[in-house]
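Down below are the structures I want you to see.
Each of the next two complexes has subunit A plus one more chain, namely subunit B in the first and subunit C in the second.
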Partner chain A sequence: MSARAVSAPSVRDALFEAPGPRMRRKIVVGTAVSALLVALGLAVVVRQFYVTGQLDARYWSFFLEWTTWRFLAQGFVGTLEVALTAGAIALVLGLVLMLGRTSGVRPLSAVCRVVTDFFRGVPSLLLIYFFFLVVPQYGVKMPAFWMLTLPVALAAAGVLAEVFRAGVNAVPKGQVEAALSLGLSPARTMFKIVLPQAVRYVIPSLIAQLVVVVKDTTVAYVVSYPDLMQNARVLITSYDALVSMYLVIALIYILINYAINKASVYVAQRTGVKIIR
Partner chain B sequence: MGLSELLGTYGQNYLDGLLTTWGMTAVSFVFVMALAVLVTVMRVSPLAPLRAAGDLYVQVFRNIPGVALLIIIAYALPSLRVVLEWRTCVIVTTILLGSAFGSENFMSGINTISVGQIEAARSLGLTFGQILRRVVIPQALRTTVLPMTNLLIAVMLTTALGSQVPLDPQELTGVVSYVNTRSTGGILAFLISALGYALTAFVISFVGNRVDRRVRILR
Partner chain C sequence: MSQRTTEGSRSGETPVIELRHVEKHFGDLHVLRDVSLSVHRGEVVVVIGPSGSGKSTMCRAINRLETIDSGEILIEGEPLPQEGRELARMRAELGMVFQQFNLFSHMSVLDNVTLGPRDVLGLSREEAESRAMELLARVGVAEQAHKVPAQLSGGQQQRAAIARSLAMRPKAMMFDEPTSALDPEMINEVLDVMVELARGGMTMVVVTHEMSFARRVADRVVFMADGQIMEEGAPDAFFDHPRTQRARDFLDSIRGH
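So, the complex of A and B:
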């Protein structure tokens, strides 16, 4: 947002004309009042923490021990493993679904469309319950890792298929026509001309989608897989510090996802493409 | 378990689940929109503290995982003497998450309007309120129809978090876990709920596309 404000005036700033002396005074007063309101809101929250004893040292001191952080780091590795594996599977499956849908073969394209819409329209929690509760009924024993990774991957694959399709649509039609009239087969046109460009268009969006994958992995406790969240829950029971632990964990997740989003925006600016959601 | 047996035993649960999901989605979405407008107004206001608070709000709630937020609201807030009903916890979670994305949609809707239009409106003598009402908001609303339909679907999917707290009646995802812990419902028990979601999402995006085609601004 700020980077754009430097290069060209955004609408956000253009809405107001340069303030005159009276308006400037009003803005100063308004700024002071709103700053006071924001500070007051913060004070109320902190006071509530203090009154209920949540600021006591015993709820926060264990964050100073490095065993706490080592255990959380182990969980983070677990989160990373699931997120990256699921991301890789979703990438391949999403690409396959998109290729099927744009193949021009009617039945195949219909099937891929239904599959894509299904995984996009169903909550990932429901898919996790499917692998956790339903699949074992058919005698299939799966480790917790896959009971978590597969549903997260399937949910992401539906979204990625649409992202890829948007990328393919962004490639100018004239190029496809030119390739076909040069005698390239439709498949060669797709793989040699369209796809290489489409993938470049969607890289920032693919990075942004990693946020969704990371968020989805947080329900790992349903299948008792030791990820960041699950390890935090273990620490909560051993230190009896619910509020402080959950707040710290939430903050860690927010920072991780914020970093991913920033990376996506950075890549988008470097390559000069728009982020497709 | 066959379909008829499944529906005979748990049919009422599924129906209640579907209605609960729809109800929570509708209630949440109304508040999502209201809060998204409020946050967006804060983010475009000339008052720096409000801008900063609005930006922080969006960054926090679009990056926090839904489960983490729900757990904080449902299990950590009572330690701070804020006790909410289970259903309210789920709805509040959905509203907080949804409104952050809603505000992002509004912001990108506003950003599609060229700065020149606003400058033109101002040089014609329109006041700030008139610029917002006559120029910015009508165009921003039209371009956000499609993102907002997607947000409505996302809000519906977020209400599945309700399966993580004891709701009565349960929503669609909770029903699946309820049925499968009591009997072997098999793939059918899952498919009924899944179709409830997928078909609703299909109808929403169908209507959204129709509306979008009518009001879209061709540039």
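So, the complex of A and C:
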């Protein structure tokens, strides 16, 4: 059972009562008017593009060349490598920070809390500058990949620690009491009973944070790491095609994040089915 | 104070559960006042009393889901451990059934029942599953074994929860208002399972509002009010001739209609 199957069919159904006849008429009128406005807006945009010459062949023809796509694909792989690595590190580190923070050991809990709040509070770009400009001064040589991946991962870990904690707090206390009363140790109770349920509660927030990770990787240019964004910038300068290139890679980023969303829901559903057998 | 009729007659034997002068506060609230109670092997002790009388707290204190301020809790003569492996082992030997069932919501009913035996007692999967299926059949939910708890009715969930506790082969079972969260038509199916258990000789502490169950099954009724045990005795004696005014008022209030 995914989060979707458990909750109401849609947010609208959950938040509002079913509309009556007068409201339904208003909705029809509102829908028509807003559809008209959107169409009008799009028409204006396309017209502006046409007027300013953005639809000229020279801004689009290089997309027909194989080398363009190969270069973008290399950037895509670069983005994927950073995002997946950073995402994996962030998930593990976030979990560790949360476990430390919720542990009964006071000093450990305090340290984890400070670390969590620090990485959560500092912008990831600032962390990247730190790894790019400050760390090398102390003789630590790092490839561009890690100068990008580590700060992105650390920033996300801070947020994920809090996301996990919210999930753990949402698990009813009775679940813990039942596990303890069977003779399970507190640690096993956490891993077998609390965490599996907590993760299920926070899957939407986890997806949101993984999307943030993907978007954070776009500052790769700071460390000259060849990700999708950086390679697009190279193409923009060589073909002098700003708008068309930005539109295309925006579409690619949307597709990546859509895929993350789909994959997460799929995983959630699969684990759900496994329970029922 | 309390009279200890049943206890006196069996003084030679070590009680399975014994509370000695237990005190507990929730902030300013004095929830347990000098509570002393002995439960012997095979005995069914039903605890009744108005809400807020401390009966749930007492029940939960027996396996340390609630800590106590002072006094002693002994399980078969051994003091209840405070933490760690010893406490976990003691809890494994005491079954606990909750008002809200508390089945693990992300596991099938079968996995709920096999978790303890496999994880704590070290049984193999096959042993644990055959033990679980036998118990689930006994409480009448064998057909639901592969469903998740949310797919079961309240009565079925509570019966599965009882099976989960029984799978640990406990020395005693505590029931903390096991039927209070159930729809009326499901109360009896759970009580029937408990009656069966009592007949089978299980040592039981039952906190409940089901007076007919108390009268029918209890070896001893304990009446609590304001964190104190006001009186205890055989069910017929207690229900027909309560000695304290508090007990008379309580019984009148629930018989009022």
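Convention: the second predicted complex is superposed on the first by the 202 of 277 C-alpha atoms of A that agree within 3 Å, B and C clash if a C-alpha of one lies under 4 Å from a C-alpha of the other, contacts with A are read in each partner's own complex, and residues count from 1 in each chain.
Throughout what follows, a contact is a pair of C-beta atoms (placed from the backbone, for glycine too) under 8 Å apart; a residue touches a chain by one contact, two chains touch by 3 or more.
Just so you know, these numbers come straight off a predicted model, no measurement behind them.
When both complexes are overlaid on chain A, the residue A:V134 reaches subunit B alone and has no touch with subunit C.
Contacts of A:L108 after superposition on the shared chain: neither subunit B nor subunit C is touched. Of the two partner chains, subunit B is the only one touched by A:I249; subunit C is not. When the shared chain is aligned, subunit C comes close enough to touch A:A178, but subunit B does not. When the two complexes are overlaid on their common chain A, residue A:Q54 makes contact with subunit B while staying clear of subunit C. Put subunit B and subunit C next to each other and count what each touches on subunit A; the higher total goes to B. When the shared chain is aligned, subunit C comes close enough to touch A:I193, but subunit B does not. The intersection of subunit A residues touching subunit B with those touching subunit C, taken from the two complexes, comprises 1, 277. Within the complex formed with subunit A, the residues of subunit C that make contact are 63, 65, 85, 88-89, 91-96, 98, 100, 102-108, 115-116, 119-120, 146-148, 161, 164-165, 168.
Across the interface of their complex, subunit A is touched by residues 43-44, 46-50, 52-53, 55, 59-60, 62-69, 71-72, 75-76, 79-82, 107, 110-111, 113, 115, 118-119, 122, 128, 131-132, 136, 147, 150, 153, 157-158, 160-161, 163-164, 172-173, 176-177, 180-181, 184-187, 189-190, 193-194, 197-202 of subunit B. Taken together, the subunit A residues at the contact with subunit C in this complex read 1, 172, 174-175, 177-185, 188, 192-193, 196-197, 200, 275-277. Across the complex, subunit A meets subunit B through its residues 1, 8-12, 14-17, 19, 27, 30-31, 34-35, 37-38, 48-49, 51-52, 54, 117-118, 120-126, 129-130, 133-134, 137-138, 211, 214-216, 218-219, 229, 242-243, 246-247, 249-250, 253-258, 261, 277.
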